[in-house]
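Every chain is named by a letter (A, B, C and D) in the order it is written, and numbering of its residues begins at 1.
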Amino acid sequence: MQLGVVGLGRMGSNIARRLHRAGHQCVIYNRSPEPVAQLAAEGLIPAADLPSLIKKLDPPRAVWMMLPAGAVTEDVIHALSGILSAGDILIDGGNSFYKDDIRRAKVLGGKLITYIDIGTSGGIWGLERGYCMMIGGAKAAVEYLDPIFKALAPGLGAIARTPGREGRDPRAEQGYIHAGPAGAGHFVKMIHNGIEYGLMQAYAEGFDILRGKAGPGLAEGERFGLDLADIAEVWRRGSVISSWLLDLSAMALAEDPSLSKFIGAVQDSGEGRWTIDAAVEEGVPANVLAASLFERFRSREEHSYGDKLLSAMRAKFGGHVESASKNPALDR
Amino acid sequence: MQLGVVGLGRMGSNIARRLHRAGHQCVIYNRSPEPVAQLAAEGLIPAADLPSLIKKLDPPRAVWMMLPAGAVTEDVIHALSGILSAGDILIDGGNSFYKDDIRRAKVLGGKLITYIDIGTSGGIWGLERGYCMMIGGAKAAVEYLDPIFKALAPGLGAIARTPGREGRDPRAEQGYIHAGPAGAGHFVKMIHNGIEYGLMQAYAEGFDILRGKAGPGLAEGERFGLDLADIAEVWRRGSVISSWLLDLSAMALAEDPSLSKFIGAVQDSGEGRWTIDAAVEEGVPANVLAASLFERFRSREEHSYGDKLLSAMRAKFGGHVESASKNPALDR
Amino acid sequence: MQLGVVGLGRMGSNIARRLHRAGHQCVIYNRSPEPVAQLAAEGLIPAADLPSLIKKLDPPRAVWMMLPAGAVTEDVIHALSGILSAGDILIDGGNSFYKDDIRRAKVLGGKLITYIDIGTSGGIWGLERGYCMMIGGAKAAVEYLDPIFKALAPGLGAIARTPGREGRDPRAEQGYIHAGPAGAGHFVKMIHNGIEYGLMQAYAEGFDILRGKAGPGLAEGERFGLDLADIAEVWRRGSVISSWLLDLSAMALAEDPSLSKFIGAVQDSGEGRWTIDAAVEEGVPANVLAASLFERFRSREEHSYGDKLLSAMRAKFGGHVESASKNPALDR
Amino acid sequence: MQLGVVGLGRMGSNIARRLHRAGHQCVIYNRSPEPVAQLAAEGLIPAADLPSLIKKLDPPRAVWMMLPAGAVTEDVIHALSGILSAGDILIDGGNSFYKDDIRRAKVLGGKLITYIDIGTSGGIWGLERGYCMMIGGAKAAVEYLDPIFKALAPGLGAIARTPGREGRDPRAEQGYIHAGPAGAGHFVKMIHNGIEYGLMQAYAEGFDILRGKAGPGLAEGERFGLDLADIAEVWRRGSVISSWLLDLSAMALAEDPSLSKFIGAVQDSGEGRWTIDAAVEEGVPANVLAASLFERFRSREEHSYGDKLLSAMRAKFGGHVESASKNPALDR
């Protein structure tokens, strides 16, 4: 079928490309023209602006936005809501906040435009592996778009089927679900990312402790000369903690076990933060997810005002004078 | 080759069984006779006690203990150290504390007996999937036992090879490593379990928050009627957080999304605790691993003295009288 | 001077009472009539409803609301905004969210009514000890109300003066500050409560660990027969951790070291939650404040869905069957 | 009465000085001679070495060691145990590990020497304020030494008495307790320090969030121009979170609200670590105390290997390239 795709960053381009390769017709637009030209050369249909993209689609139209969450997405929704028609479908495949989805679905619904929110996971691997999709919005539109989802999803692949799923929604094991009404898709994706932070931090802390026994200069029994690349690799095989994130860690450690090209200042995106807000709102304890987010905050600071206040208190009660510089020996 | 196996619980029995099926000769002993009889019926060689097990093995002997860590393992080592000969190899495949390994290796080394510590992961799936093994101890003995490890390990299987591993130890991608000297095997396994706690807790918190949007009785925008079994399933396909623990979660949730047969009192074993001790000893921050352990402690208490003290303080400064009972509506 | 007081709960009644005793004239109103009658008997001026309260005050009027945050406060502001006049001052002394203050100040400012937000600490002890006040809003109104603040604040009292405060705002050491523009008062109070949770949880965890060495039935070296009431008392004298919360803990423990009249289900209020939201919004790590909030959530649950999922995973990978009930021996 | 004091650092010197001023006779020794000479000039009795110190004391002797925990204390105990006589008392007033106390008390008990462990709090303020003491060891010796404890303790002072303590041990409100048998004193002091870390971290996080609203360059409603020195001061008066640590914070912030002379690398001592070990050993959740310790570890690292692994995973799954340097704007 036919789909408009707006926003051709790494994710948007590959989504359009994967759909095109599966035989769907993609009309594409991007603010900067380079990715449009690139994909046009591969046979996708370029549009010069939003109105011409809309004109090139047959009603009822479906347009997939793959844009930075927040103001950019909001602006494009505003622009499209003026040129789309009753019966059209507007899809936000980015990382929007689920409460924004609920609001937008209501507003667009007033114009009989259906708003669909899709949490899309897969990163730069999605073109090849397919995308895991968590979809929110009206049932009819989700079913209408099913060929698109089927083409984007990974499908069963080589992954073993879960026993006991007879009678359950078969889409889940193809790699996409209709999670619920508007907002549900991004809510599930938000929690997905919250969990992702937690999993990553668990590996990070484990390897950090391992590294303490890896290095030279330790007494007997204190150092084991551990090979972190081999440890990551062996855990991929038959261990309880095998995962895709471990696969990626094994790749990175095989390239350079010292990880020296990374400075160690880790970004976070909205979903990790909103997950904690959701936990607080629901009254659910989430120590691990919160600590994972906080470590990312911490990683981007060299010095913290809070730590200085600790030193100030110590100086006041004990006369402790904290050493004037960080210990380079501790720089891991 | 030939191996003695002492301790035929679920793990020990299946290790012996997998070796036997691979053509190795296993002499087996267990304190209670049932599993010995069971495996003897499958063709393994039974022994009535430790001395007769030793007698049935040709020197240099190799004996694999698969016993509860602590006093039980210690007692059997003591007994075996009296009847093993110079050149023999004693393997502890259980979950011993790595500092115990270092001590034991020294003591047994004085009798020219080689002590090997192996962290073994795989659980009840190991018979079929193979066991991931992290091995500590002297190089010569580890190489001598290689046919045993090869037979127990999962091998390459269907798991993609990690790019960039050319020139690295090929055993890692077969599912076993020689981690380092005595203690190194159990140290790496200890961290494995520490990470395992963290990964599990990350999923647990995420699904707990999801569940807040799953149930009935919430206002519009507050509930999504989420299907947790389908969510676990879809994340197995193409998402960033796919893992074996997620596969298992998907199985459990497909059986019963309410998980009502579980009371929610979670045990912990030594490794999770020792991981925190190691982090503290090394001075490595480990908020996620610690919080994961603490939640297990907390799960086994209905009421905490600390919480009562919070209520007592609140009563004293604000006159707050905490409700006399837990809120059943909050009972998740 | 003259002040209207709306909302005569424990805090509101005592604020009015303390002002009356200091010679100020208080016109009082409360939805239910009992506290009005009670205070009228003490000489304060009763009002039957909001309009009559307004009528009994001379312009420019000042009205202090001491109401539950959220809908109740919002409703009364709405009602008062219709009957107050340009030049009047409306004070919210409750625990409102600081972003609500910013919005309200703007709206009321349009009618030339000044909105003042005051974070008020002191609990049931305030009548006697005085109230610590963190004030947000326009400078002129804050200065106009100074006699009210002076009367409510604790003053210097027996507390030693902080060296080095020469030249700084003298109000701080009297127990009140003009923190900043609208919202600043409740923002500072919010963080005050966030810190309060953290302090309380630190004591709670410490006494919980102490208690592990207090009880009978432990081996030598494992039990010390600690007297928790005496420990709390001794720490009040010359130790680094003396505090008012410790004073209150010492009182509670002197009454009953087992704290058996408390069930251990601890409530939380908005400020603790908003503190975490603010930390997340600012990107500031706040592991201790978050963990303190999460423990309150946890204290109100007997069983957690997350813990059940941990058990379910353990059952799937290791065949572990978690015991069917909590261990009463662990019930602290 | 008479007391030997060994170890004249800041704490040891002031303890001897306070005892001398109270009329007790102190025989003093220190490895480096300067503090001995200093105190001799004030009238205390110098000793040139341990044997001469012993000789100058009348039996039964009491010797108070105030030395760095670990090897130094262990060595002096070894030396003294050879020259003390049956009936003598050896006091460790430092910060030893409580399990070391239990062992030492047993060994010295074999020579009829009584070992007393005292956790001593008060820091550089103790000379003036007195010392809070938590004492472990045999009852008879603790009672024999009572005049010493009475002289060192703060006494009732201006601190209000706790209601309901009638019939309880009167020593607690003088500022010292006999906590229990050998080890109990240092165990209670260890938890004291664990709590101290938690309290300090709660303030540190709170002020760190406040600071986010203090600075320039924020949008309206995002900045309040908060004065952190005044906030600390106002909380000292009538608020729920007043404490001695807040008093000290108020002093430090009055001197310099930017705390710019502190680098923010915070040391930790054994007690904070042992507290976590004790929590793990007892199975008591201690998220706040652990997070407080971990932040100190983290404060001493510029870059963490764990954080680099997070960046490496992000690069692998999303092609994210983490910025090559820390954001100086985030440097708080």
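Quick note on the criterion: contacts are C-beta pairs under 8 Å (C-beta built on N, C-alpha and C of every residue); 3 or more make two chains touch, one makes a residue touch a chain.
Note that this is a predicted model, so its numbers are computed, not measured.
With steps allowed only between chains in touch, the distance from chain A over to chain C comes to 1.
Each chain gets a centre from the mean of its Cα atoms; the one farthest from the centre of chain A is D. For the self-contact between chain C and chain D, the two sides draw on mostly identical residue numbers; the shared fraction is above half.
Work out the mean CA point of chain A and of chain D, and you get 46 Å between them. Mean C-alpha position of chain A lies 30 Å from that of chain B. Shown for chain B are the residues that touch two or more other chains, namely 123, 125, 201, 203, 205, 208, 240, 244-245, 251, 279, 283-287, 291, 294-295, 298, 300, 304, 306, 317, 330, 332.
Here chain A touches chain D in the complex through residues 10, 123-125, 200-201, 203-205, 207-208, 211, 244-245, 248-249, 251-253, 259-260, 262-267, 287, 291, 295-296, 298-320, 322-327, 330-332, going by the rule given at the top.
Interface residues of chain B, counted against chain A in their complex, comprise 99, 102, 121-123, 125-126, 129-134, 136, 153-160, 162-165, 168-169, 171-177, 179-181, 183-184, 187-188, 191-192, 194-199, 201-203, 205-206, 208-210, 212-213, 221, 224-227, 229-231, 233-247, 250-251, 254-255, 275, 278-279, 282-289, 291-292, 294-295, 330, 332. Looking at the complex, you find that chain B touches chain D at residues 240, 273, 276-277, 279-281, 283-287, 290-291, 293-295, 297-298, 300, 304, 306, 317.
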